[in-house]
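Next up: some structures, all given as structure tokens.
Common to both upcoming complexes is subunit A, partnered first by subunit B, then by subunit C.
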Partner chain A sequence: MLEIQQVSFAYPGHAPALKNVSLSIQAGEFIGLAGRNGSGKTTLTRLMVGLGKPASGQVMLDGKPAKDGGPAVMARSVGYVFQNPDRQIFRDTVASEVAYGPEQMDWSDDERQAAVDDALAMTGLIEVAQAYPRGLARSFRQRIAIASALALKPRLLILDEPTSGQDAEEKKQLMQLLGKLNGQGIGVILVTHDMEMLLEHTRRTVVLHQGEKVYDGPTQELFADPAHDVAAWGLRVPDVAAIAAKFAKITGAVRSVEELAASINNQLGGKTDEKSGASV
Partner chain B sequence: MDAVQFEDFSYHYPKTGTGLDQVTLSIPVGSFTVLAGANGSGKTTLCMAMTGLVPHFFGGSMSGQVRVARQVTTDRPVSDIAAGVGFVMEDYESQLVALTVFDEVAFALENMAVSSALIRERVAEALAAVGLTGLEERELSALSGGQKQRLAVASVLASQPKILVLDEPTSALDPEGSEELYSLLAQLNKEKGITVIVADHDLAQALPHADRMVVMEAGRVAFTGTLDEVFDRMLTEQVYASAVPALRRLKAALETETRKFSPWTSADEAVAEINASLPPMRRLSLSA
Partner chain C sequence: MKSLAPLCNLLLTIAVSVWTVLIWDPASLAAMLAVQIALLAYAGQLRKLLKGLFGLLMVAAFFSVIQLPFDVAVPIAVASGLKMMVMTVAVLLMLGTTRLPSLTAALVSQVKIPYEYAFMFTSALRFMPDFIAESHAVREAQICRGYVQSRNPLKRIVAYAALVEPMVLRAITRSETMAMSLELRGFGGVRRTFTQQIAFAGRDYLVLALIVVITAAVIRYR
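Here is the complex of A and B:
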């Protein structure tokens, strides 16, 4: 649905932030976007939603140049959740904040209300619909930002480091929400520094390094193939992937501690561990 | 000897009424302590109580006391405490005030009326410690996030604190930047004997470096002890268990009454021990 074709971009007075990047995103994918701070991740995602124009190359949405429609048209298909949710929250109640996008659309009142209600329900915010957004915990504010994007019924949701500053439980809940949305057919692009999360939740990962695309393929292969110099790209091989790579013959492809433990326990003699919840 | 002691310390913010309840906690001199807990559990308040900002700056109600270097924090002004406790806030950019790297590190020393010759010496030492030598004249706006983070550390190091407190220092850093910061903290801890206290969500990063851990839950200390002791209790009692690093969750999942492993701090250690436990026919040749 979204095609990035040989896109280059530079901020005035700085070295190119993106160099000749091409990327094809199909409907319903769950993609990780990784790389060092400053590698071009945020620049690329901003171009995907029309917040900026490439110096060369183009962004195509459903086969048509995105620049023809501009950000307003892009926003109907591609939702964007900023790293800091507070930068996009400005209204007095959760419901009115989520309603802002639909109010800009040429929808009927019923359609608008339905869009807001659906978005609040999908993100578990119905109980706080009348609360003051800035008085809620950060994990709630994050969900408000996601709900605001969902209210426009996007087919692709881009989240820029959504788990930074969130605790382990909040991360888990956020990833469950994104998994659920993806299960409903909404594509997800997750910009993240969290390698465990990348391994466990994404099927495909794109790595940027100094503005160039250096990897685009299955997430497990990114970490499993020693030919990929992930350290040079500023990434880290998750411990689960590092151990699984050594025992690949007995573990097969695993994505999480629970899967790894289950496959090793099979070889060690097996056990059922209540503490970790591993099913073996 | 303890660098910081909380003695039945309770504190409540004036507006929300949240804070800390009956915290009794000792942080030994020269230790490297990681503070864990869900958001809202009291980590930041604990950090601010060590620096005197709680209650001096925020007001509120309190009982019990906090001693830093054996002195009660409420008996001293924050500026006095700050000479011994360096604090890097979660929003570290908000504590950077100068135009250039040199001026930023010199700022606190200038306020302490340190001689210009000594300021130059201390700034050079602090920048060398964080790997920013050569960037003295660089404007802060031209620094990366990781460089700004290290500059914030250098700025507090210049005052030669005996205790360094960092609140979620890696939340904005990439994996490489996080590892560099933890290596720097470990070096300061081992070579200079600085007591390091870090509040963080990503406990895997702290695993190779920290020797003590405190888990906060709803304003109280849930567990404290060595990392092994605390991880074990987090898993056994299912308190914030999802935050236990992957290596330790794996270890717990593989151990039985008769099969025990040592506390792994790296994937290589885990691979070696798991391999040794496998039936001989299935073992790997790890040199390959």
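Here is the complex of A and C:
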């Protein structure tokens, strides 16, 4: 669906932010994008939506150069959710805020309304549809930003550190929402520094280091293979992966504490309640 | 200019503005502008200001041209545009070569302006680049939701609401946060001190003497 071909980019007066990065993103993938601050993650995602032009190489959407459309047109295919939702919220109700994007498109009233209703339903915002957006909690404002992007019916959603400023429960709910959207066929690219989240929710991870792609493969393999110098790339092996690595023969590959517990329990001959994940 | 005392830099900026008001010769004004641009380059500020300077040049050119249909002589119209540029570049030069906390300290300690007013002045200056960066970020966020600048001026003005409203709301929130953080750090105390070095050195007195001489010469020969 989206192809990044040998892309390089540099901000004026600075060292190259991206060096010859190539990436192929298929429809419906759930990809993590990781790396230390300044590694080029945000630059890469900005180029994906046309918020910048590569110095060399190109971004292709469905086999056509993305630069032909520009970001406003790209938004119909690739939604971008910024880290800070307050930079875009300006209307007096959640529903009208979500409707801003569809209003920019040449859609009929019915199509527009349906797009807004769908986006609100997908993000669980129907109950607060008439609330004042800025009066809601950060987690809701982040959902509004996601709903705003979804209202344009993109096939791929890019989220730049969407869980920043949220507590554990809010993070969990947001990741459940992203999992649900991904289950409905919407591709997700998650830019994050949260390694637990990366391991638990993404199937594929791309790591950037000093503007270069240093890893692109299964997330579990990234942390399981000692040949990967994740510390040098500014990453950290999640505790659950570190424990699983030490007891590999017992646990096998696991992605979360629940999976680890279930695996150990299974080895001990116990059963696991499918609903709660607890040992029985 | 970076090595001059902040007050000396401020006085130099005011002096340049006074000279600019008094001088009507386009060649002299152009020479002043050339010196300023050379100083900007020397201070390492030219590259990042190049785009802004080009925009300023366009505004100045427009300002000059718009006077011509009203029977204003060409040299006067050109001088008006140049005056605008020289004054603006003088302020940019000062901002690019003076640390704002030092300027605040100079305004309070040497000019005896109440701290609250000096702080307000320098904070407003400090907010300008932040505000520009914020407007850029807001614009990008809205572009990603389909915002397009219409060619129709009326539609364009209406569409600006999508950019202006988040910026204003963010600015209010930020100013509230800043006010709170200042109060928590003792803003408004009875007596305060500054850590910045703002005392005049020999080169500052030399610049002041030059300012007096040049101002006298400008008044005498204009």
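Methods note: the second predicted complex is superposed on the first by the 266 of 280 C-alpha atoms of A that agree within 3 Å, B and C clash if a C-alpha of one lies under 4 Å from a C-alpha of the other, contacts with A are read in each partner's own complex, and residues count from 1 in each chain.
Assume a residue touches a chain if its C-beta (ideal position, glycine included) is under 8 Å from a C-beta of that chain, and two chains touch if they have at least 3 such contacts.
Values in this document were obtained by computation on a predicted structure and should not be read as measured data.
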Next item on the list: Could you say whether A:Glu29 touches subunit B, subunit C, both of them, or neither, answering first, second, both or neither?
Entry: neither
Notebook entry, point to check: Of the partners subunit B and subunit C, which touch A:Gly234 in the superposed model: first, second, both, neither?
Noted result: first
Item checked: Superposed model, subunit A: greater residue contact from subunit B or subunit C -> B
Check: In the superposed arrangement, does A:Glu212 touch subunit B (first), subunit C (second), both or neither?
Finding: neither
Checklist line | Touched partner set for A:Asp118, first subunit B, second subunit C, both or neither | finding: neither
Margin query: Applying the document's definition of touch, where does A:Glu170 land relative to subunit B and subunit C: first, second, both, or neither?
Written below: first
Checklist line | Overlap of subunit C and subunit B interfaces on subunit A (superposed complexes) | finding: none
Checklist line | Partner subunit A, residues of subunit C touching it in the complex | finding: 47-48, 134, 137-138, 140-148, 161-162, 165-166, 169-170, 173
Check: For subunit B, which residues count as touching subunit A in their complex?
Finding: 37-40, 90, 144-146, 168, 171-179, 201-202, 204, 235-236, 240-243, 245-247, 249-250, 252-256, 259, 266-268, 270-271, 274-275, 277-279, 282, 284, 286
Check: Inside the complex, what are the residues of subunit A that reach subunit B?
Finding: 35-38, 137-139, 164-170, 172, 193-196, 231, 234-240, 242-243, 246-247, 250, 257-258, 260-261, 264-265, 267-269, 271, 273, 275-276, 278
Next item on the list: Within their complex, state which residues of subunit A touch subunit C.
Entry: 12-13, 49, 51, 71-72, 75-76, 79-80, 82, 84, 86-90, 100-102, 104-105, 134, 148-149, 152
